[in-house]
Amino acid sequence: MVQGIVNWNTQTTQKWLQNYVDDWVNFYQKNTGEGEVASYIPILQEANQQHLGISILGIDGMEIRSGNVEIPFTIQSISKVFIFIVACIQRGVSYVLSKVDVEPTGGAFNSIMHLETRQVKKPFNPLVNAGAITVTSMLNGSTSEQKLEGFYQLLEKILGYRPPLNIDVYESENETSVRNRAIGYYLLEMGYLESELDLTLETYFKQCSIEITIDDLAKLGMILANDGVDPRTQEEIIPRQVARLAKALMLTCGMYDASGKFAAYVGIPAKSGVSGGIVAVVPPRARNNPLPFLDGCGIGVYGPALDKQGNSIAGIRLLRHIANQWDLSIF
Amino acid sequence: MVQGIVNWNTQTTQKWLQNYVDDWVNFYQKNTGEGEVASYIPILQEANQQHLGISILGIDGMEIRSGNVEIPFTIQSISKVFIFIVACIQRGVSYVLSKVDVEPTGGAFNSIMHLETRQVKKPFNPLVNAGAITVTSMLNGSTSEQKLEGFYQLLEKILGYRPPLNIDVYESENETSVRNRAIGYYLLEMGYLESELDLTLETYFKQCSIEITIDDLAKLGMILANDGVDPRTQEEIIPRQVARLAKALMLTCGMYDASGKFAAYVGIPAKSGVSGGIVAVVPPRARNNPLPFLDGCGIGVYGPALDKQGNSIAGIRLLRHIANQWDLSIF
Amino acid sequence: MVQGIVNWNTQTTQKWLQNYVDDWVNFYQKNTGEGEVASYIPILQEANQQHLGISILGIDGMEIRSGNVEIPFTIQSISKVFIFIVACIQRGVSYVLSKVDVEPTGGAFNSIMHLETRQVKKPFNPLVNAGAITVTSMLNGSTSEQKLEGFYQLLEKILGYRPPLNIDVYESENETSVRNRAIGYYLLEMGYLESELDLTLETYFKQCSIEITIDDLAKLGMILANDGVDPRTQEEIIPRQVARLAKALMLTCGMYDASGKFAAYVGIPAKSGVSGGIVAVVPPRARNNPLPFLDGCGIGVYGPALDKQGNSIAGIRLLRHIANQWDLSIF
Amino acid sequence: MVQGIVNWNTQTTQKWLQNYVDDWVNFYQKNTGEGEVASYIPILQEANQQHLGISILGIDGMEIRSGNVEIPFTIQSISKVFIFIVACIQRGVSYVLSKVDVEPTGGAFNSIMHLETRQVKKPFNPLVNAGAITVTSMLNGSTSEQKLEGFYQLLEKILGYRPPLNIDVYESENETSVRNRAIGYYLLEMGYLESELDLTLETYFKQCSIEITIDDLAKLGMILANDGVDPRTQEEIIPRQVARLAKALMLTCGMYDASGKFAAYVGIPAKSGVSGGIVAVVPPRARNNPLPFLDGCGIGVYGPALDKQGNSIAGIRLLRHIANQWDLSIF
């Protein structure tokens, strides 16, 4: 445990924490040999399995970055959190939740059977594909550009720039992700979709193909940690209720069918994507012992080698280690 | 929002909070007409549908109690949390987790199909019946008395007394709960059980039939809120890691197949039982605005009229209201 | 029971049987008020719910027709039997059966969940949508016209003409049958399809939209009853092994999720379609008592009001009555 | 129709057929090395994997027996057919069918999930465990002896003796078959059982433990082939309607989850048991070419090495060969 720290925002402290994180990243890079880079979208296979990087951004402004921090990667399923947020802003929370439930599935992210056997006739939650596609269909606009505009504006406010669309990944997704088309047609038949299916899937694939870095993820997470308010400007970028809801969803459903284990062993709201990114959100904590990031922080992790559930192997181990060392769990 | 409070631990403050809670309990007693008292165990049907009570106990010692606070009721599924804790103490966390997963099910608490279709060959989590029966089979002892001894000792340490077994409820459960026998035989066939089935079920039904009050639940919850340490004595009653794990499980799986919604709308680890009890755990929080129970608290609620998922209707609404008013969410 | 018949192939006998059938058709027209005309393809809703007709064609040449015999209707799922036959002729029985199983599903014809939970990784059978789409993908040809050519040739050989495609129904199917697209994309992802998905579905919808009459169905059934040989010419139109296989499939899987009941209560291989048609096949029988159609026959029925499983209500009752009266069961 | 055959019941013909069957049995004994003897009931493991025997009994009295014909074995699931028959005789067909459906399951014989997901709230059919246990609960009597009396009387009428109960197998089943207890409790909870569960299971395990031979199975099958009438005495032992229904069920559901394949490739109503027995029923046929057993026959097969579905490997291959050679398929 960290002890005797008086003022975190000094250079000394930051350097001291930085040393720890550097050690841990080095240590967990050994796990990058395990698992496999996602192959269901061919272009994702080109990622370098050895990469591992982390970026931590405190609400109080402290930054720690380590490992391969500059690698851009596509946001993939992490976008589901923010598309849900945008839909809540555009359509209202209660409307969105009338169309999508917020229950964990107990199954894989791309399951159709769970829809078919479900008694409540709406997708389980916005963080599995069926729910995310349904949420995408609710976005305002009649072209994918219009539909994505809200997401881009949110990203721009938080990141300070509009991250680019990786056209190759988008086209690769568009061509190969037939399971999502299967899900989409199922949703269409059930009457869940609010836009034309092709438009919805085009938008969905595009939002998954936006290219970001772990610094971007750390910023996104930090805003959520601070309940939607940018601590630098005090601007409310995401309504507090929506930010809270998003964090609850991340905790119960964010890490595919390992969400329960991540909640139990790490205890931080997080969302992963098949490109190997994870955004984690540490809300402000009240602990008796002085620990880093008491005011909360956002964390971005990148490690493209995945476990069977589709989460970054080294990323999860690194987050678990840091959460335990620094007592970041919300429980 | 509550504002301008200087020192919570004064009589003035407590009275002021008490007035709020009294109002809210009165308000939500109107919901006791909805839902239905559990009928699957005949004796549970004798409960008075009108009852609603709450007991809040802060780590700092503050107590607020309102409504029907004296009614004893059987602990039912709430015992699952503490049996899991006892098993972790007796057998070690890693052993217990090698036998039971910690994932939400996406289905009903008594589902067999979810076991049958599951790829990972262990029960989903310790808070559904299949997992709880498996955990019960791990308890030390070769009689139900021996197996229950650890649970009784835990209760005695926290409550200061050994709560009685309601023999009528036990016998009623033992006779009528055939679904649990179905689950038990299924677990037996799969090789999940570590004790003889009859012994396991006898123990399971007995632990469900222990009679407690909402004050007892508040104490149990408060100890969990304080990571297993009794704030009055500083004694560690539950290992910190186990207390954390229990809270994570309660959040992801504690409220049957409404766990996701409870996490999203209330945001507090909680576990309910079909007798109408709920234990909720508010970990210490760090908020910018002065709010009650910043150091964390345990909450016991009783309201026997249940919704379709098996949770107390009025109890859930009351908890949601308090959590929103006092900003108790962990997110 | 029919008794004392000396020579069935006389005009007297035929007239006598005709009177019976006329009575029964009149009687069962009362059931046409029950059930509902299929609505999932809008144009099918235009069918006249009052219609009921039957056409029986013996291998020995005897013909009995009654009720609304002239109404054309689209063949719909009945095509599945013959597409399977064509695929077996073109690709070989063993190849086709390596790609599609021949087991009943226990579920609805359009279930995806049954595919997802299945251990054997191929569609259940050629008579549910998933299996039929897979079989369609195996047909020779790179355009839908080429793929349909084998089916048309088979129909022409048996019927003496090429039945028309109902363009309106085809377009209606093509536009509205999103569930089949969901299934199609699922099959594509699983690697089951042997042609491009769009081509496969276009072919599938077209083959469902071919317009026939109950006389046509009776002819098709009669050829199957005679193990694929045209009794008029002794030409083998369908290989004997394939005809046998088709009849077995019809018995176990032909009537959607009422196939078991149809086998139990009627006992004749049959296949229904959502337009209200049924083709039934009575193989030659060996009974001690003189009964009609001992040499076997084909039966076409039309009654567009469907039960919940998607079978013609009046059609099933009429077939059951005739089968019981004339002892047509194969058991 | 068979022509040119003067008298099958001559010694010459019988000897000629016998030679064929001897050859085939010799040939298929090579398959007895594959598969595995059932192990879920320990005592069944003691069977000799090398054994293979067949007994064919024509309605016309012709007998052919080959291989290991004298080995006694327990009837196991084959009893399900006859318990269903007894229940229909005692309680009426319509009553029994109001409690148990007659649809194939698409799943394993011991599935609980198929019960849980089913929309129609009754067991799928009398030939899976859930259905058979339900049917057993309907048998008249308040002790297992009384409940079994109808079955024993049926067996005595057909076999000429009361076959013994194998106490060791019964006790082994009673102790080990926990899956059936799981199913039993599930059925009890759903309100499907008409007798006390313990009595029902005791009866169920006993009826499975009755010891018979392939000659017995051939006799049982022959009576079913002749629609329930004993051709030697013309006594109706099983009502015609019930015999027909039983044969239909055997065809659609008799061979576990390989029933569809058996119907497609063999085409004869049959029921297997995990001890390695199969009873097959060949109804009278009408074929153009001269073949044996035109009047129908019963077939008993024994070969304890099972495939994954629980059917005798060598037994199925032998039956398939004979059915194809002699054109015994009902289609």
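To keep things simple, chains are lettered A, B, C and D as they appear, and every chain counts its residues starting from 1.
The working rule: a residue touches a chain if its C-beta (ideal position, glycine included) is under 8 Å from a C-beta of that chain, and two chains touch if they have at least 3 such contacts.
Only a predicted model underlies this, so the values are computations on that prediction, with no experimental measurement involved.
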item	value
Set of chains adjacent to chain A and to chain B	none
Repeated interface matching A-B, over half of the contact pairs identical, chosen among C-D, A-C or B-D	C-D
Geometric centre distance via CA averages, chain D-chain A, whole Å	57
Computed distance of Cα centres, chain C from chain A, in Å	51
Distance between chain centroids, defined by C-alpha means - chain C, chain D (Å)	30
Multi-partner residues of chain C (each touching 2 or more other chains)	117
Chain pairs in mutual contact under the definition given at the outset	A-B, A-C, B-D, C-D
Chain D-touching residues of chain C, taken from the complex the two chains share	101-107, 114, 124-125, 244-245, 247-249, 251-253, 257-261, 263-264, 267, 269, 283-287, 294-295, 329-331
For the chain A and chain C complex, residues of the former touching the latter	111-113, 116-117, 178-179, 181-186, 188-189, 197
